[in-house]
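Some structures are shown below for you to check.
In the two complexes below, chain A is the common chain; its partner is chain B in one and chain C in the other.
Up next is the complex of A and B:
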């Protein structure tokens, strides 16, 4: 049994990589890591503290890359595209100073990307925050809801967003996003 | 087309002929028509019957306030009752039907109610259906219910979809009349993010009815220029067919957009919503909602052919529809004279202008005869107006033959949105109307809503309002260059209040929709219901779909007149959302059918599906309930087998849905010690402990295990139901109660796939995939730590805990690997006859073991009630619920406490919820001893067993009691016993 094949199954395993012909492209992200960085809550989003933390992360794990996304005061998601083993995670967590704790959420928080010229119109059907580029610029993140599903929305580009959602909601969110995008992607669009 | 369709009509496209039916009759209209304009163009003045008296009714208005022309439009699932014909756009194939009439609108049996008019006055059913009392339920109520309501909703599912959206802007302009357009242009040109919303199919508001020139250009050309510029501005979002219906706190406005309801079946895109509910968040708001023209209360003012002067002008200029061939105007203000001018300009005879003002200050240059100081007293005609009776100021009556009558009793600013958040409108004698509150709470009124009349002054008002809100936003702006309005008319209204015509003999309607007359208002006053809120409810004035848009101010005026006070002293009723009716579809949005609520799937969902699981909804989760095998046709067949297999061999159960919280920090142990009622300060690394959380009131909130994985790192499990609640509670404790403690909390529920492996062979199975020593010595009961699996290829978290009462472990692995690990366990356990088991079998086993869930932790119990009183620490300084848990009432030894219960005759069954009585006692609340909280069939024992909360609890083991089921009408004899039916000595747990 020690050599039993182990597969890391994405909740999007059976989902297509997006509708090539659609005006709105919805694609799962099946690789990478999501670490929850927990610092002491300060009550405010502290940019300086985030920059210091980013430097610290880069020093501890230069191989990982990735970026910090603000989750709440004193808390971030550290998100990157490289796969990270459990052992490597343990090493990184062990090197963090005591003022920070690290929780692996790679399997618990899954990501997908929504792209297209009308992407803001699609997301406005579920997201209550102001997605105007002047307000919510490239690189910014916000914990919010898409319909009734809690999610982190990150702007990757003018017309591209990444959505991080609890794994258990992935299937529902996938279908909800397609429903929201139907008027732009459907055969009648 | 008929002779009622004349030249002109800025909104219609005569090349786009559209066929529709009205009460089954095929008619034609044009693209751009409303159903109302198309009906009028086809000579249909009679369109419906009134609610109470079934009086013939026509079209009163040309907009959202229409109280009369409520039609059922569409069929099957697309059937919409109570649709205002004045707002419904005509599409090819539209089917419209009159309401509240039988057998048809021309001949309505219900019109006999009119003969009973004297008996059906205000409050008649409060006085009439008093006796005999026995008649109320059997006769009166069914009759009243049958008569109540307008229109019938469809029983067919609506095939259309609906959705909800959010929008954000710097400036929200509500209303796209001249003031709104000027405001939006000014704000748009200044670079602000603007949303302009209007309920109409076209922008323009009152400008759409303008037939003349604005400056040197035709009004429709000016409008087209302004709208074109707005559409061209990238920072301006134009929302047509969008009614802002509610103003809420924090500058959030609700609006409903008709996306496709105005389209024919063939034109509908099934991938688009029919309607869209907008939540608009605006930094600044300009209220340009205009003013509603009031009817005048006189005898027979509801006869088809009577309509407001502004509506008549709209049908004339915007739709090319003549209201009649011989028209009279009855108006108390100057603005209404525009209608007479436009009628004459189109060659329609204006038989007379009746003006109650003795010396109206207006230079009317038309041909119509002006009768000053006079009033229309009554009308005549069966299903349409034929003549009017005019009472001259010398008391003389004169009959004038007309086939249409335009009325204008002044203008009521549409202040609803300004008042939705609680502010009250202010009466103005100058404007003879209620004006927006002085402090509009973040809204700036502009145009007719602020008492302006005429396009010129509305342009200026809109632009000025925009500058003020732009300045508030920190943007420097000047009023945008607006169309040349120097020659545009800017009329002083000169309105004189006329609340009702005193000499009227016929029914003089105040509220058309509810058939409330001036007599009803007077009666309400005489009977003491003279407060405006009481008068509304006694007479029903201002109720139903139109919410009194054309009636409220007249009713207030009549009350004021009778009491000899100003209408301002009477005040208005409370303005509440919604401004106009909103469909349930729009309110529900996409949350219907499969999308009613999100579904949460366990990381083992696919594995469970492959193993044939039947799922049950548990909150949002889909949990595997049982796993039927071939030949098992009844759920109990599967559940009994699964239970016996766990007790005798080994089973695997998905417990991933349990809440999991990672707790970090130097003060994590102290934190846990304060949130649990039992001790946690000294929980060693590598150990789990069962904990009970109390609420502040001393009652049990939740239970679960918490394991110490490392110094300053704990892993808490909660019940599935309270996973989010417990995390919220802990966050509150950390942030608010004890901010000095170094504690950090992370939800890890979704990170881990967790499986319970239970049964005498559980260790044998796990030993095949776990590299570490998990013997009883190396990994005893309540051990908890990370373990190496599959030759070091995976690390899992192993917990020696048991809910089933068997030798059991729970193994958590990263969720993505859950299915593989479960598959591996199934392969490893094959030689031990492993089988998956679901939540039903889990429930049976926990009852057999006497373990509690939220069936017992139901918000009313203490730890002592559950037999766990000794767990409550007496040594700790404090913990949540400590003080209140010691209240006298919570330590009463006769409180209901947990016991087991079984039938005396083992073949008997009983149900959860059954009550416990002493043998021989009558069934009464006073004799109630408690109730059954959980029940199941125990395949181990071969009979029904249960848990119950019974007064005195364990002191009564062995006592025979009655298990009474009031719903089923049965009672059996039961025996109270130890709740641990299986392994009361806990030998299996430590095996």
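Up next is the complex of A and C:
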């Protein structure tokens, strides 16, 4: 548990929402939380363990909601839309069984949403996974890269994706996504 | 995109997501083995033509160390397993 308060400031704070009328909408997610859950490192992604963890989370913190996005064997991002105070985070971290460690990454991993009918055409310019709905369906997440920037890509809906990126890369990725979307958004939109 | 590698955790990914460390030198010598045996294990590589076992790190995905079978002539990749499986089999 850290002994200093973290001040969550969006890296996108000064950026105007300039493409509200474009075909591709790119918007920061300014609320909610990202917790990094670290379990025992094993050689496989264990679905049963994930379900047990989800049950524990629901019991410990029913107020938070949110979902688990698998990152690696024994590692998840617990992501939700409600803001969580640092006191509440400490309570939750203390209640999880000792085999799990919880780290508040809300300040370190920032989220943005990319939405629009041609969103797959935009993302396909950079992401390294197949975005076909039959392969990467709604609700699925993948840790991958967008160009050279590591990011977690989550499909929220057919034409809507959430991207979780390290804060220090967020600004670069933001501009890259706008370049990738430019052909669909036009110069004045 | 070039060669696709099937990560056991993440599925098919392009090789750009991986960092390649090199040959899996096995078996690992005993801790007290002769210095020349350790020198061989740490520094000397065979550079074979054909099947080759290599350590790959999925640095752009799950960040796990993997062991991959690769043919150095055709670049075809075969089995990809999590490196921890070698440890449990006593092969690393």
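To be clear about the criterion, the second predicted complex is superposed on the first by the 176 of 189 C-alpha atoms of A that agree within 3 Å, B and C clash if a C-alpha of one lies under 4 Å from a C-alpha of the other, contacts with A are read in each partner's own complex, and residues count from 1 in each chain.
Keep this in mind: contacts are C-beta pairs under 8 Å (C-beta built on N, C-alpha and C of every residue); 3 or more make two chains touch, one makes a residue touch a chain.
Owing to the predicted nature of the structure, the values given are computational and were not obtained by experimental measurement.
*Asks:* Please indicate which partner A:128 is in contact with in the superposed arrangement: first for chain B, second for chain C, both, or neither.
*Replies:* both
*Asks:* Output check: A:113 vs chain B and chain C. Expected answer is one of first, second, both, neither. What do you get?
*Replies:* In the superposition, A:113 contacts neither chain B nor chain C.
*Asks:* After the superposition on A, what does A:143 contact: first (chain B), second (chain C), both or neither?
*Replies:* In the superposition, A:143 touches chain C alone.
*Asks:* Taking the superposition on A as described, I'd like to know which of chain B and chain C A:155 touches: first, second, both or neither.
*Replies:* It touches nothing on chain B or chain C.
*Asks:* If you count the residues of chain A that each partner touches, which comes out higher, chain B or chain C?
*Replies:* If we count touched residues of chain A for both partners, the winner is B.
*Asks:* Should A:69 be classified as contacting the first partner (chain B), the second (chain C), both, or neither?
*Replies:* neither
*Asks:* Mind working out whether A:180 is in touch with chain B, chain C, both or neither, as first, second, both or neither?
*Replies:* first
*Asks:* Both chain B and chain C contact which residues of chain A?
*Replies:* Comparing the two interfaces on chain A, one with chain B and one with chain C, the shared residues are 41, 128-130.
*Asks:* Where on chain C is chain A touching in the complex?
*Replies:* 1, 8-14, 16-17, 60-64, 82, 84-85, 88
*Asks:* Using the touch definition up top, name the residues of chain B that touch chain A in the complex.
*Replies:* Those in contact with chain A are residues 163-168, 193, 269-273, 279, 281, 590-591, 594-595, 597-603, 606, 621, 662, 664-666, 713, 735, 742, 744-752, 768-769, 771, 790-791, 793-795, 814-821, 823-824, 827-828.
*Asks:* How about chain A: which of its residues touch chain B in the complex?
*Replies:* Contacts found on chain A: 1-11, 36, 38-41, 75, 86-87, 98, 101, 103-109, 124-125, 127-130, 132, 135, 147-149, 166-173, 175-176, 179-180, 182-183, 185-189.
*Asks:* Spell out the part of chain A that touches chain C in their complex, as residue ranges.
*Replies:* It comes out as residues 41-45, 71-73, 128-130, 142-145, 150.
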